[in-house]
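See the structures that follow.
Each of the next two complexes has chain A plus one other chain: chain B in the first, chain C in the second.
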Partner chain A sequence: MQVLSLVLKVLWIHPASFLPVCTMFVMWFVKVASSLMRTPKSRTEQHYYGRKQNCYSVAIKYVHRALRYNTLARKLRKNDARELWTTRISAGCTELGTKYPDMKLMMDESSIALDRNMLQNLAIWEPRSFRALALLTKSRQEVGLNSLEGPSPVGVVTRGML
Partner chain B sequence: MAALRAALRTCTRLGNIAGVGEAVARQVVTGAPLVSPCRGLRTPPAISSALSHATPWTSRQEVVVDDTEAERNFSHEVIGKVDQQVREGLAGRLFAVVFLQGKQHLVTPGDLVVVQTYFPPNTGDALRLEKVMMVGSRDFSLYGRPLLGQDLVRVEATVVEKTLSHCRIYFYNRRRKNSRKTKFKRETHTLLRINRIEITHGINEVPEVTGVDGRTL
Partner chain C sequence: MSAVRRVQQWATFGRMWYLYDCKWQNPLDSADKIVPYLDGSHKPIFHPLNDSGDHVVVINSRDIAFPGDEWEKRVYFHHTGYAGGATWTLAWQLHEADPTMIIRKTIYNKLSKNLLRRGRMARLHIFPDDKIPDSILKNVSGQMRQLRPVPRRLDHYPQEQVENFPKIFDWPKDHVIN
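And now, the complex of A and B:
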C-alpha cells in the first residue's frame, strides 16, 4: 500500500485513473463472507488488509468508498491539473523575469487564445517560444512617453494625488 | 563674510532669476546659516543636519532618442529571415497547436491524438485540421490571434483507429440511506495520426482581399 502510494505520487497518477476491476460485479450472485477467495486476482480490494480482502460483507463497504472516491476524483483531477499547469507557467515566467498574471493580461489583449495546458507545454518543451511570449509581456509593460500610466516624477503633484 | 557679500552682489545685479538663489545657497551652505537679504529672490530654506540626506533639486530632463526607424528596420529584418527560412524549406520539423473538438493539442508530424468525443470520420479518412492557433520551429514561432490563416498552415491527419475507452464506473452512494446508483460508461476514442505540418506560403505576403476566409457567399 505504501509502495503503491509512493509510486502514484512520483508518477503523478491521480486516484481517478487507477482503479482495478471492481469485485462486486464479479461476485454479485454469491454474497457469502469468504466468497471472495474464489474470485479473480484483479479486484479492487486485492491489496486491502485482512478480512477486507477475503470476506465479501466486510470488503463491500470499502469497495463502495473506493468507487465513490474514484467518481468524485474525476472532477477534482481537472482542477488539480489546472493548478499544476498554473504553477508551471508561473515558474517559467519567474525564470524569465515576468509574472503569470502579466502574461495572461498580455495574451488577452493580443487575442492569443492558448490555454494553460498549451502554455505549460510550451514552457517545458518549447522554451524558445515561451521566451518569446515572456518578451512580449515585458515589452507590453513598458511605459511610453505619452502614457498616462506609470509613476510621476519626484516633486510633481497631480490632481489625482490630492 | 566675503562670500556672502559676493553673493549679494550677484543677486542684485542679476535680479529676479530663480536659479540664482540655488547658486547662492550652494555657495553659502557650507559655513554660516543662510541669510536671505536679496529682495525678490526665492532662496531655498536652511538645510539643517536633519535633512542632510536630501539632495538639492536637480534637472530631470533626459534626451530621448527616436528609435522608431531602428525598431521598424529590426522587425523587417527578423520577418525577412523567417520568411526566407519558410520559403526555402529550411525550417525543419514544425510543431503546431491545433484546436480540435474544444481542446487544444500540441502536435508534430508522427504524433497520435486521441479525440474523446463523438467524432464522425471513419478509420482511414484523411483529415485536414484547419484551426491552427500557433506554428513553430527551432528558430521562430508564429502565433495566431486567435487563429492563423487557413491558407498559411496545413496540418494533415489520418484516422487510425476507432475504439471504446476502458469501462468507467460512476458510483453514487449515500451511506445509511439505502441510496445507491451505478452507471457504466465507455466513451468513443478516435485516434488520429498527424502526417505532416506545412507552412504553405511566405509570411510577408498580405492578400489583396481580407476577411473572406471560409465564406461561401
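And now, the complex of A and C:
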C-alpha cells in the first residue's frame, strides 16, 4: 500500500477518481495466485475446475496430488489388467464347459507355461487353441492325461502319444 | 467384409436376449447366475466399459422359492427421506404387494455399485407369470438353464405309476398318520 501511494504521488493522480485504474495497479504490485501464472509446458491441470486450472499456487497442489496418484496407479493398473484377464479366461472356460481353476491345474501338470495375458488373447483371438486347452482339462478330469484308458479328444496331441 | 467374417462379427458382438424361468428357484442363487449375463462377464471380450451386457427376461417371478424361513425373516428396508419415514417390510409382504420386486432388488444389490448399474438394470425384464409381450418374446434368442430341478408334484403323476411304484413297506389301513 505504501508503494501504491508513492506511485500515485509521483503520477499526481487522486485515488478516488481513478478507482478502476487503482485495482489494475494493485494487481501489478500485490502478490496474487493468478499473477504468478507460469507458461504451461504439460498442462495436467487443463481440465480442472475453477482456479485450479488458471492459478499456479492453487493448481500446483492438485497437480502434485495427480502425479502422486499416477505413481501409485502403476501397480494398480497391473492388478486391474490381471483381474480383467482372469474374468475373460473364466468366461471362455465356462462357455466351453470347464472351469479356470481346473484348467490351471491341468496346465501345471502338463507344464504349459501360458500366462494370463496369453490365455485371454487365445480366448478372444484363437478360440480353437483355447478349445483345445479346455478339452485337455476335461480329459485330465476324466482320466489322467498320460493314461492309455479313456477317450482321447479329437485333434489334441498329448505327450504320451509322442 | 466377407459373409463368414460378417457372421462372426454378428455372433461375437450381437446382443443376446436370454430367457430365465425362476419358477421354484432361489432368487439369491438366480441373481448370482443372471448378473454375469447383464454385465457381459460371461463373454471373453468383456470389459466393464465395453457395454457388452445382454438382456435377460425373467418369467414366473411370482413362483420364487426362498429357502428355510427367509420369507418370514428377510426384511427390505426403505426410507422416504422424511423424518420417521423408515419402513422394514417382510419378504412375504413385499412379494404380495409386487411379485417382481424381490428378484429385482436381489439383482440390483448384486450388480457392481457404479454408474453402469442403472443401464444394466434397464436390460433386465421381469414378469410375474409367463405372459410376455410379443415385442419382447420376438427378441428372445436363448434360454438359461435353471439351477434347481423343479420337483414334480405327487398328484401330477398318473395314478397307476404311483400305485405300481416299489415300496419296502406300507402303513396298515387303520393306521392314523398324524
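By definition in this document, the second predicted complex is superposed on the first by the 103 of 162 C-alpha atoms of A that agree within 3 Å, B and C clash if a C-alpha of one lies under 4 Å from a C-alpha of the other, contacts with A are read in each partner's own complex, and residues count from 1 in each chain.
Everything below uses one rule, namely that a residue touches a chain if its C-beta (ideal position, glycine included) is under 8 Å from a C-beta of that chain, and two chains touch if they have at least 3 such contacts.
Keep in mind the model is a prediction, meaning the values are calculated, not measured.
Enquirer: Going by the contact rule set out at the top, does A:160 touch chain B (first), chain C (second), both, or neither?
Expert: In the superposition, A:160 contacts neither chain B nor chain C.
Enquirer: Looking only at chain A, is it chain B or chain C that touches more of its residues?
Expert: B
Enquirer: Could you say whether A:50 touches chain B, chain C, both of them, or neither, answering first, second, both or neither?
Expert: So A:50 meets neither chain B nor chain C here.
Enquirer: With the two structures laid over each other on chain A, which partner does A:64 touch: chain B (first), chain C (second), both, or neither?
Expert: Once the two structures are laid over each other on A, A:64 reaches chain B alone.
Enquirer: If you stack the two complexes on chain A, which partner ends up touching A:118: first (chain B), second (chain C), both, or neither?
Expert: In the superposition, A:118 contacts chain B only.
Enquirer: Check the residue A:132 against both partner chains and state whether it touches chain B (first), chain C (second), both, or neither.
Expert: First partner only, chain B.
Enquirer: Let me test your reading of the model: by the given contact rule, A:84 touches which partner, first (chain B), second (chain C), both or neither?
Expert: Second partner only, chain C.
Enquirer: Spell out the part of chain A that touches chain B in their complex, as residue ranges.
Expert: Residues 19, 22, 64, 67-68, 70-71, 74, 110-115, 117-118, 121-122, 125-126, 128-129, 132-133, 145, 153-155 of chain A touch chain B in their complex.
Enquirer: Under the touch definition given earlier, write down the residues of chain A that touch chain C in their complex.
Expert: Where chain A meets chain C, its residues are 84, 87-89, 91-92, 94-95, 120, 123-124.
Enquirer: Can you list the residues on chain C that touch chain A in the complex?
Expert: Answer in residue numbers: 36, 41-47.
Enquirer: Would you mind writing out the residues of chain B in touch with chain A in their complex?
Expert: Those in contact with chain A are residues 57, 60, 64, 95, 97, 104, 106, 133-134, 136, 138-139, 141, 143-146, 168-173, 175, 180.
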